[in-house]
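So that you can tell them apart, the chains are marked A, B, C and D in the order they are listed, and the count of residues begins at 1 in each.
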Amino acid sequence: MKTSPYEFKLKRQVEFGDTDMAGIMHFPNFVRFMEAAETAFFRSLGLSIVTTGFDQPIGWPRVHADCDFIHPLRFEDTVEIHLLVREKKTRSIVYGFIFRNLNEHPAREVARGTLVVACVTRNSHGGRMVAVPIPQPIADKIGVAPKEVLEKIYKS
Amino acid sequence: MKTSPYEFKLKRQVEFGDTDMAGIMHFPNFVRFMEAAETAFFRSLGLSIVTTGFDQPIGWPRVHADCDFIHPLRFEDTVEIHLLVREKKTRSIVYGFIFRNLNEHPAREVARGTLVVACVTRNSHGGRMVAVPIPQPIADKIGVAPKEVLEKIYKS
Amino acid sequence: MKTSPYEFKLKRQVEFGDTDMAGIMHFPNFVRFMEAAETAFFRSLGLSIVTTGFDQPIGWPRVHADCDFIHPLRFEDTVEIHLLVREKKTRSIVYGFIFRNLNEHPAREVARGTLVVACVTRNSHGGRMVAVPIPQPIADKIGVAPKEVLEKIYKS
Amino acid sequence: MKTSPYEFKLKRQVEFGDTDMAGIMHFPNFVRFMEAAETAFFRSLGLSIVTTGFDQPIGWPRVHADCDFIHPLRFEDTVEIHLLVREKKTRSIVYGFIFRNLNEHPAREVARGTLVVACVTRNSHGGRMVAVPIPQPIADKIGVAPKEVLEKIYKS
């Protein structure tokens, strides 16, 4: 049985506008990059975070985000954002992220983070978001990183 | 006859996250601050840029923006964004902006900019934006800076 | 003995540019607002995050950030960012943040977060950041929230 | 005689965080993308906007920016930012930018802008920026778009 993809790597180069007066990448950009990797992961599966074509439009509000900052990134550093699906629950997904600075040799881990997103739809009257099960056609395309893979990465 | 307001002053303090590695405010923030002053001006008139309560929802897409950068702003500088309505046309408004650094004595002009916004609505079928006349209840509340006021500011 | 301040409340209004296509405040802005509250807290103590006047310039790199998103914020909502000093260690500070939407009555908690910052200086040769004890004149001005205060807030 | 490059094309995909509640790319991002194209152009020449290795460090403060917004960009649109060197003066460079949405067929022009940057250095005492001639090794690498090229693009 084929396993659905459970990881994705996005490369980004730190822009001048991503830096702050300390000369390093301003830290909320790490959080922004997590979302960029998540949406690129969905595209790689033929999906989009902005979902159409289901019975009712679903959305993916962010429920939790965290990040540990280990080493700074600087202007023109190329960073690899390594997304791993850590958990796929009925109504939510837990993503882990490892950030690596590819301008250092060997590439150096500079941060790691987590993003938890819920699957929701809106009441028919335009209003409240309600958590719903991830539609099967989406859930089928998203794998979960095997325990060994996660252990190897998170113990290092 | 009462004249409607044609100017507004908003104060903002430059945040750490507004700076870049050159140690000064990253320049797209000047453009962002223009919009902040525009929306605050609307609120001061009892209006909102996000309009409800008219026959059809209208929007204000940006048609043009420009800015001349004269002196840099730094972290924790307090900047006054002085908005002036330079022109009010049937379907668009031209705003002028003077940025003054209030941390210098006397306050120093650090930038000046322009923002042109169009008044639009959407076709009933959810689609294309179409320019429409500014609804009268909105147009009535927005004055235009007298020629003398503009000349005094723009010649200085 | 006088207790140094251990909390601070900053008000911010959600700007048009803070929103995303889901119609709510884009979530990295919560993280940005934490930093805005931290720097405003320092100013309220007569300090600045960008420190001068000590033997060697110190900086406050972010070590960790997290945020739980409970309810969305929307354009023109006024949010209170309630900072509490949860821990003051020799070389780092742990801030807690409660976000409350003041446009709802009663004010509603919409998010809570944490920010951990380290106190560092740079080697004389322009290079590596090294963790150092928080200078006494700064440490003296920063209090720590009493256990009862934290329990009351974090149990609610 | 070899002509130095006078144009550069950068591709960017509109991210979720680039959008606003109107469902389109928030307009200051066009300005941010101009700078991204400028720094990528410099890299393509073996240069960096953050210059090292000259007698004194030089910088490129922004003097003027403008942009006309013709059609909106939406989430996941791929935009080509076409940079053209319109003028190369002793102490400044004028860049023109054409933005094209590559998700439409044929690609559609959605915006055009200008960025003027000055070449400066800092006084030895850490202070004021002073305009200086562009160092010859940099000036030699930067061409100027021929009149015919500019006319063809700007008349269309």
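Basically, a residue touches a chain if its C-beta (ideal position, glycine included) is under 8 Å from a C-beta of that chain, and two chains touch if they have at least 3 such contacts.
None of the values given here were measured: they were computed from a predicted structure.
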### Task
Would you kindly say which chain has the C-alpha centre located farthest from the C-alpha centre of subunit B?
A
### Task
Have a look at B-C versus A-C and report the one with more C-beta pairs in contact.
A-C
### Centre distance in Å when subunit B and subunit C are each reduced to the mean of their C-alpha atoms
30
### Query
How far is the middle of subunit C from the middle of subunit D, if each middle is the mean of its Cα atoms, in Å?
35
#### Entry: Separation of subunit A from subunit C, taking each centre as the mean of its C-alpha atoms, in whole Å
25
### Message
Going by the contact rule already set, what residues in subunit C reach two or more other chains?
### Response
16-17, 21-22, 24, 28, 32, 35, 50, 75
### Task
Would you pull the subunit D residues touching subunit C in the complex into a rising list?
16-17, 19-24, 26, 28, 75
### Parts of subunit D lying in touch with subunit A, wherever the complex brings them together
15-17, 32, 35-36, 39, 43, 48-50, 75-76
### Query
Can you name the residues of subunit C that touch subunit A in the complex?
21-22, 24, 27-29, 31-32, 35, 50, 59, 61-69, 72, 129
